[in-house]
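After this come two complexes, each holding subunit A, first together with subunit B and then together with subunit C.
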Partner chain A sequence: MKVLNIIFFIITTVNCLYAKNLPVKEIFTEEVWRGEILVEGVVAVRKEGKLTIEPGTVILFKSIDIDDDGIGDSELYVEGTIIAKGSKDAPIVFTSESNDKIPSSWKYIMVNHAKYAYFEHVLFEGAFSGLQVHFTKAIVKNSIFRNNVDGFRFSTANIYVCNNKMTKNRHGIRYEERDSKGIIEFNSIQENEIGIFPVTKCGDKVNFRYNNIEKNGYNIKVGDEQKENLSFKNNYFGMIFESEIRKKIYDKHFDKNLPIVNIKPYSKKPFLESDVKCLEEF
Partner chain B sequence: MFRRILVSLLLFFCFYGISNACVGKTIYIGHLDTKEEEMVSNILSRLITERTGTSVKLKKYSNVSALLNSASSGEVDLFVFDSNKINELSKTTDFEKAKSDFNTKFNLVFLKPLLESKSDYTVPIIRKDTLKKFPALPRLIEKLNGLVQPSVISDLVKDSEKRGTKDTVRDFLKSKNLI
Partner chain C sequence: MRYLFFLIFYAFLVQDLYSHEVKGRVVFKENTPVFGANVNIYNENRDTKILSTTTDPEGYFNINLEEGVYFFEATYVEKNRRFVGYSGKNPLLVSGSEYIGIRLLPLYKFKEQKVKNNKTKVIGQVLFEDKPLKDSIVYFYLSGRDIKGMPYVYSMPTNKKGFFEINDILPGKYFIVARKKISGSLFGPIEEGDFIGFFQHNPINLEKGKVYSIVIPVFKKVQDDVPIQVSAKYKITGYAIDEKGNPVSGVYAFAYKNKEMGHERPISISKKTKKDGYFELPIPESGKYYIGVRQFYGGTPLQGELYGLYEQTYDHHIYVDKNIENIKITVRKILR
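Our next item is the complex of A and B:
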């Protein structure tokens, strides 16, 4: 029976990793990254582990695709704690080892059932998902998500997301809200195919406010299985007239089976850097 | 001990769900090696990806039997056949009989035909397992009903030769307000 328990333990904790025979490095204690770090396969920060990343650190994900699904396999998987606090002058960079930095060159930073996650002044580029947060309290500030399939993605999370730039991703922010809560404010979500993609099971528990959501293919696109109307009040959509704003919001106005995205009141001018006031405490 | 096993099993299924959700489940669409069939598959692919966020990949086959075998064995989730192919495979011209045969013999389900005229039809066919994972898929695919007539697909193929499949498919779906 003990053997059976061990087998189950392995399955429960690493089923996502072992299926593909990827190299796996596990962190069980406190570890600090600085300089240049190469991730080949999976780095997993376990429950008792804590990863601190110093300003200016560059994390390169090796482009390998063992399962041939078109998505790079290298990833950082966090169940413990991650503190990635860069600075304006020395941001932390998560990127592909290859030069082209195309979306899906590496898989993601997955923060799942973790103790805590903090990201500030971080660049996420060339991933399937720059950052995914599930079942975790996470703070993401002053960071850039670019050239990913999904820039920032979350589900059932407690999040504070402030003053980030999501650009040139397929989806700037993609989420299944479920039991999430939190605030997403003062972000610049521009030049993505879709700015914000509420896929399904979204309500208004996460407050999107004071964001500049403009110049995207669609600024907001509601997923086919989303049922409830959604509220995106007090954001700036790049235009003054509602009729123009509506052209970039894919909701009931395009497909009668979809819910409505409420946008009023909306800002008629963009939020400026001087307007940004991220919460100190969350 | 039983409780520990139960907890482990629950955790397994919990994490299993997440691991699938990490990069999304992938739907495989099979098609024969013709430009027209590839175009229809690309339209389906784009519609599904754009509306649900699900990853879709296309698989090309040289003949009907190979495609059917792949669908039956789970390598392909979805494909589109016209009545000529179905009649040949099921040895009947009766739609309901063919539908029943595909269901019982291959675990494949006929969705609502995309096109119908007299005894001719074009129908999306999906694996039962896939349908369980994506129960809302038929409703989405139905949005293409009546839109993929041979003449339309032929024009789209010509257009794609000039400016690429991606732009052609996107503009077609956008013109119908489907994405």
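Our next item is the complex of A and C:
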């Protein structure tokens, strides 16, 4: 009987949890965020909506986990337009409401089938994915991704990603290239468990160049389902000798079923701030 | 005894975990279902039969296969005339649930004749509905798996009488396939309107000093093979429209159970819309479904592809507990 009671309790509890609905706020017109914004549940920028975020704005995502999957449920979901342009002195911050800022405290900023996305001088921290971009043209510059499971993640997108810092994430950049096009340059991808994680369906339509990819558990780790060889030419991997660089690139050299990551020519010295030249137009 | 029971239970469990449902239908050229056709599943080189089943009165069959590459064939005898058909997807990697369509065609014999010059030659004719098909290409592959890759050799386009010939081919075992692509391209996936036919005696062993006379009947791909729910409890009907509100033809509506659409196969897919943009989406049972429309079936949506999602809810879901009628989904080109 005691067992039955426990089972009944579990079933009732689970049902209650799933019976709850996340609060959803939808943006259908133009909206500007400034100061401190609390996101509890979902904020959805709909197709016709445009969200502009002013420099210095702090967006706090409430740590709620209704489905109990260990990932915070609060998110910003964009199918319209988002312009988040901070400044060097007044960056925009997307972070957890809680003090510890641990990865997965909140879900993500998901830009999916959106009209346009622009992020500059933005800090993304404590999320499951700091920023995900799919089926959208997006520019991401001068920003920091830290303490997330995935810092920056994309698939089938037109992207320009320049002079960002991805650090202390499980994956600095995680991607399935599929039908993407773009350039990822002058980024510092350091101290992540895995610097760059090409999961599957990756090729050479997104050009990774002039990045400092170093001091990660693996600087590049190829996913089990990736079939094509990959090109990561003209990047700096923290070492001078290829044999040393190879120790931090998990590809065919570690597992014969994986493709090869081509790295030559590679830079023998790091790219400096003075080297950075982000494109004005993309 | 307890271990034996456990092992048997485990064996069934593992078998269940690693088998995939393959549904399909066998039809004649007019799309009339074939009851009692034998459906034979071979290994990818079609030299070992894995299993057989028969079709039900509506022409459907349903089997479970472990992950692997298979070659699907159907045979049937009617009034002493033999028919055979092959899936256009052959050889197919089964790694999830699949839908197979097979169209039966009359069985043609082939002839072989010795010649003095010790050379090997293949002369043949490509037929569509028993008439010669001009401008089709006949491809010779070294193995079943190669059929979706590069051929060893291929013919010039067939002439007005559907004839082709390959002179002085190296003796050996070949898989022969005829195709005519409307786009005019030599390679690439078969699309609606293209013609495809498998030589009915694949693989053939071509011997030195012999001339082979063969016939390859082809069929026209009328629509992508899509899974259609045959026992749907509800349906969602609606229209695909462009941003000006005009109907959009040539797109499929789809329903997923998962919010992250594309991470799994859809539960249901409609037939392609026609000029009026109308679609019917069969829904198997009540629940929450995520709804959209896209131009191509299978794979990740591509740049430039027509695509749209149900817009009345932010996450594109509809809760279905009755028939839902006349929804509208606006389609746009991805990243354009």
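By our rule, the second predicted complex is superposed on the first by the 262 of 282 C-alpha atoms of A that agree within 3 Å, B and C clash if a C-alpha of one lies under 4 Å from a C-alpha of the other, contacts with A are read in each partner's own complex, and residues count from 1 in each chain.
The criterion applied here is as follows: contacts are C-beta pairs under 8 Å (C-beta built on N, C-alpha and C of every residue); 3 or more make two chains touch, one makes a residue touch a chain.
Source: prediction; values computed, not measured.
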| item | value |
| --- | --- |
| Greater residue coverage of subunit A in the superposed arrangement, subunit B or subunit C | B |
| Touched partner set for A:28, first subunit B, second subunit C, both or neither | neither |
| Partner chain(s) touched by A:136 [first = subunit B, second = subunit C, both, neither] | second |
| Touched partner set for A:155, first subunit B, second subunit C, both or neither | both |
| First (subunit B), second (subunit C), both or neither touched by A:47 | second |
| First, second, both or neither for A:179, with subunit B first and subunit C second | second |
| Interface residues of subunit A shared between complexes with subunit B and subunit C | 155 |
| Subunit A-facing residues of subunit B, complex | 1, 4-5, 8-9, 11-12, 15-16, 18-19, 21-23, 26, 50-53, 55, 57, 136, 139-140, 143, 177-179 |
| Subunit A residues touching subunit C - in the complex, by the definition given at the top | 24, 26, 42, 44, 46-47, 77, 113, 135-137, 155-158, 176, 178-179, 181, 201 |
| Complex contact set, residues of subunit C against subunit A | 300-303, 307, 309, 311, 314-315, 334-335 |
| Subunit A to subunit B touching residues, read off their complex | 1, 4-5, 8-9, 11-13, 15-16, 69-71, 107-108, 110, 112, 128-129, 132, 134, 155, 171, 174, 197, 199, 221, 223-225, 250, 254-255, 257 |
